[in-house]
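Per-chain residue numbering starts at 1, and chain names A, B and C are given in the order in which the chains are listed.
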């Protein structure tokens, strides 16, 4: 097994470009999944089955089918319907949508963990329902779910390479491009493999620190 | 969709199922070996097992697949057939998640049970085999069920390597028909049906195992949900809801 | 004590129509499954009175408070508060009537994500539409009244149970309710903190004309503040009268049994 440091050096500029795209996708995907997941969780609490049933079926479907095929679907089908986005936009949306079906369960658990007395106190003070959600229930629920959401961000990080399959040049996309141009696979793939391990390890340390602060 | 194209899809389903079964077996083996090793009395064994878990959980399954397909062959002179390469990459990665499930369930067994084993002067391995595992395994089934669904979704990744699985057959049909909505809808539905069947299968298994140790299966989702992502890493899935 | 929190009878004679009915329950029935908690209950409370509900646990006392606070709905019957119907009623009517009612809970139920001051000002600002600075000024007065003037910026988790309950009382008073419902407000407190909260409530009972409806196991407290005591058993009022009469010379055997067990 030979290792070529020169290849590593040559790959680095592309690596940084890829890292930037990966982090962008991760940041935007996270934001979408946090927001959409909350929407699903709130809709699932609607009093009408006409709301909860479709939302339940759709999210269950999305959660139980491969992100990769969902990416293909959005990437190839949306243009057929006359909707065109950049590959990165499509990918970010797909990741956000996919993970929103996980975050919704986290929110649901967080909301259910708020003691019923909080709802009762809000009723006793005559607070409107929307206000109760916004200033009483959600702030408490979200505080509880931050660690769990953070874990999904780390999980999402490890799914960002899938965007490569729809031509996005994330870390893996750049590594593959470099490999094909230079016929050197080992170095770029190892570099990004190590990068993923390092980033997710650092992220989990960060998350643990955050968790400790929240618990305090 | 012509019959010929459907045949392509059927072949894809068969490849996906083969890959799923093989990598699930490897992942299960890795889960138990590494998970049990993480409760070993020697710190070196615990450290190595923990290191394995951190590394393989830390990396992306797709990067792992690329590595096994492109780096292993020149480095070690192995040229694995795609099915085995896919099995290796998926099994090692998802096994790392599974080892967390095994470790968690083992450490959740009442310490008094272990002390009981010591009192009966069982060897550590006898304690593990006769006392800890029979009680811990039924508790592992719900998180393993989630992990299995994640693994099913993960098998689609090998299509990027050109392996003719279900997702790949979708791409072929798309190219043949120049039309994507229909075929990808079918492909997603097929994955969903497989996931549904797997969930059912695992639920049956859980009931059977729990009956064996005199417990009733629990379907409480909520409380576990906040911790689910930590123990399976790849997140929660189908805790009940429509699939159930 | 500041007069600001009181409903001044001169300014607002309707509030204190002595002898006027403020709360009225007619034939109210509440069931949980097969269990009938309240059985065709009739009872009324006059404005400005302090009424204590006593009785064994499970006799339906707390359910009455929860019905009045609209935390649960009766299965049958009619509830009127201050001449307006609370049940049956539309959501809009309920919101109006509910403004007249405040409640203090056994478990305090302060909002842990808000500092003490915001706990008190949140509802006056959003529900009554009070300007923020006015609401805060009133909140500070109320905190002064409950002896926690220095805790404005503390979070509930930084307070003792007794302090939390006093904040909860201030929070309920901030809405200027005509009726204050007190649901076993000292049951969750450590024994040494009970007296402080009860003294505060005695003060409020003595110096304001807020109608009070208490469920309590503190019989001395009940004796001190009540104008009227209602003895509950199995979803019915089995005896009612002045505290002197109920505590010194109960007529009903069940009342006698209950009192000898708790006193």
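We take it that a contact is a pair of C-beta atoms (placed from the backbone, for glycine too) under 8 Å apart; a residue touches a chain by one contact, two chains touch by 3 or more.
Keep in mind that what you see is a predicted model, and the values were worked out from it rather than measured.
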item: Chain nearest the overall C-alpha centroid of the shown protein atoms; value: A
item: Relative to chain A, chain with the most remote C-alpha centre; value: C
item: Distance between chain centroids, defined by C-alpha means - chain A, chain B (Å); value: 20
item: Interchain centroid distance [CA atoms averaged], chain A/chain C, Å; value: 47
item: Approximate Å spacing (C-alpha centroids) for the pair chain B, chain C; value: 56
item: Footprint of chain A on chain B - complex, ascending; value: 54-55, 57-64, 66-67, 70-71, 74-76, 149, 152-157, 159-160, 167, 170-171, 174, 179-181, 184-185, 187-188, 191-192, 195-196, 221-223, 225-230, 233-239, 241-243
item: Chain B-touching residues of chain A, taken from the complex the two chains share; value: 1, 56-57, 60-61, 63-70, 72-73, 76-77, 80-81, 99, 102, 105-106, 108-110, 112-113, 144-145, 147-148, 151-152, 154-155, 157-162, 164-165, 172, 175-176, 179, 185-186, 189-190, 192-193, 196-198, 200-201
item: Residue numbers on chain C that touch chain A, as the complex places them; value: 69-71, 95, 98-99, 101-103, 105, 107, 109-114, 122-123, 126-127, 171-172, 175
item: Interface residues, chain A side, partner chain C - complex; value: 115, 117-118, 120-121, 123-128, 131, 135-136, 139-140, 143
